[in-house]
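Please find the structures below.
Next come two complexes, and both contain chain A; in the first it sits with chain B, in the second with chain C.
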Partner chain A sequence: MFKDLNPILHSQLRLAVISLLISVKEAEFTFLKEKTNATAGNLSVQIQKLKEAGYIDVIKQFKDNYPQTICKITPQGVNAFSEYVKSLQTYLGQK
Partner chain B sequence: MTEENFSPQESLRLIQSMITKTKQDISDNSVHFLVWGWITFIACTGQFVLKNIFNYEKHYVVWSLTVVGIIFSNWYNFKEEKTRKVKTYVGESIKHLWLGMAIAYFVLSIIFTKTGWNTQVFPFFILLYGLGSFISGSIIQFRPLIVGGIIAFIVAIVSVFAPYDYQILFAAGAILFSYIIPAYLLRYKNKHSKE
Partner chain C sequence: MDQQEKQLTEKESLELIATMINTAKNSYHDTGIGAIMWGALIAVCSLVKLAEMEFGFRLPFDINLIFILAVIPQIFITIKEKKERRVKSYADSYMDYIWLGFGICIILLTFIVYSMFSVWRPVSEEYRELTGHRSAFQLSEFISPFFLLLYGLPTFITGAACKFRPMFWGGLFCWLCSVTAIYTTIKIDLLLMAASAIMAWLIPGILMEREYRIYKKEQASPDV
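On to the complex of A and B.
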């Protein structure tokens, strides 16, 4: 039934991450973990998948001698999210 | 969160709940409005009192209070930066707006000192106070700041017709309506939305 929905985004955790990143400029890994209630391992895997799809940029750096991972959505990610929402609306008969 | 297939309705609910969660993270800006509002208000009224009641020649010395504001703002921003996990477009826009405003005040002070137009400086300052409140209010969608900005624009026009000594009082009034009152209302709103 949902075969037209982008499979990269039609996954709860990846969709949650993209939905968080769509409304902010950038967010730390810990912020995403806190808001999604996901485990660090699962979140890392899903972030890697979004990165490989070109939907997000991942910046690894140091802040006060601690490693810090920052994620931000790319224009490609914004387009994919927009298309995904349009497809959802079609399924829900809102178009 | 699980990875199994879920319905479009659940998808929409998830998107909505995540966007709501980021909204809750917009930090409280009212502290800067309060600190700078009171510093400028005290400086304006202080200068008026020193100049007109005590006839003190160096009445402008009260403006050195702004150093306290600069130290506080830098300390507060440094502390916030250390604990901040997310950068929002709203937060970044507000930060750049007020950085630009601070530079504009500095440039204006140099222009007026150099040209000797010091007696006309306050209408320009009031105009800038209003602009800052008006744009901040529009960005964070908080009407009292927008209204405060409009009041400051009107006060800027009216103050041109007043003698210099009273222009200082007009500036204090503009600060009260465009910074201090909206800041208390914003603080009240933020406090209640968190409860």
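On to the complex of A and C.
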């Protein structure tokens, strides 16, 4: 019996964001936007969903008088990502 | 990426994860400016010292004082690089501490060396007065290996951790020169110092700077 894939992560943009954040300590919103080629609005919505799920921390601050948003993955996010990858591997291995 | 939440197949998900992880890994490039500056500075200072000994002239100031002045541009370079950095890797924090620790070690070693010389010089002069010739043991001949040993450590760690081969080999080269310098005269030691600075920092720095420029150009060009 296959485990259900985590619906929060099983979406293109959210998975892309989590995959980027798993490899780094923290990243700016502009970096995530550039690497995912997403629009600012769509990215903000998906980041908010990840934040609500407790998978990422979002820090809003000012840098040189400009607003700056920094995202970093939480331990809960790391666990969820790890579980998600395991489920994918199980699924693909038994397909 | 699509505005809509596109549902992925399992295979697509794994491919996306791999792509994004690789993208994140390749997204940070050091400007190489600091490495170029220190590599060039140490090489030039060592060669000037060598020229002073070889051709019997003396500059009106100690060339090594330039190192203290070079700390000022280094602080600006570090602040500028940190400001431009939009992503922070796990390795970045460790690297910052390793190079800070290296800087502290160099300052402490310089202090230790000066303290040793202040004790050694009167003993050496007394020996010369009593015997009429210089002591066969010259403390200055054994200073370079310690500095070269230190030069190698952060360079080797950075090269290995960041998978940047030129620095990895540069670090090993410093250690090789460190051992060699035990058996060579001070003039050769200075040549080894210059060679180490070029191999460990100047050349890797130039390569880093070139990679950084290519990366910046790629970032600036619009996607087709």
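We adopt the following convention: the second predicted complex is superposed on the first by the 90 of 95 C-alpha atoms of A that agree within 3 Å, B and C clash if a C-alpha of one lies under 4 Å from a C-alpha of the other, contacts with A are read in each partner's own complex, and residues count from 1 in each chain.
Going forward, a contact is a pair of C-beta atoms (placed from the backbone, for glycine too) under 8 Å apart; a residue touches a chain by one contact, two chains touch by 3 or more.
All figures in this text were calculated on a predicted structure; none of them were measured in a lab.
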| item | value |
| --- | --- |
| Partner chain in contact with A:N65 - chain B first, chain C second, else both or neither | neither |
| Which of chain B and chain C A:Y91 touches, first, second, both or neither | both |
| Residues of chain A at both interfaces, chain B in one complex, chain C in the other | 5, 10-13, 15-16, 19-20, 22-28, 30-31, 34-38, 42, 64, 85, 88, 91-92 |
| Chain C contact footprint on chain A (complex, rising order) | 5, 10-16, 19-20, 22-28, 30-31, 34-39, 42, 46, 63-64, 85, 88-89, 91-92, 95 |
| Touching residues on chain B, where the partner in the complex is chain A | 1-12, 14-15, 18-19, 21-23, 25, 82, 85-89, 92 |
| Touching residues on chain A, where the partner in the complex is chain B | 2, 5, 10-13, 15-16, 19-20, 22-28, 30-31, 34-38, 42, 64, 85, 88, 91-92 |
| Chain A-facing residues of chain C, complex | 1-3, 5-8, 10-11, 13-14, 16-17, 19-21, 23-25, 27, 83, 86-90, 92-93, 219, 223 |
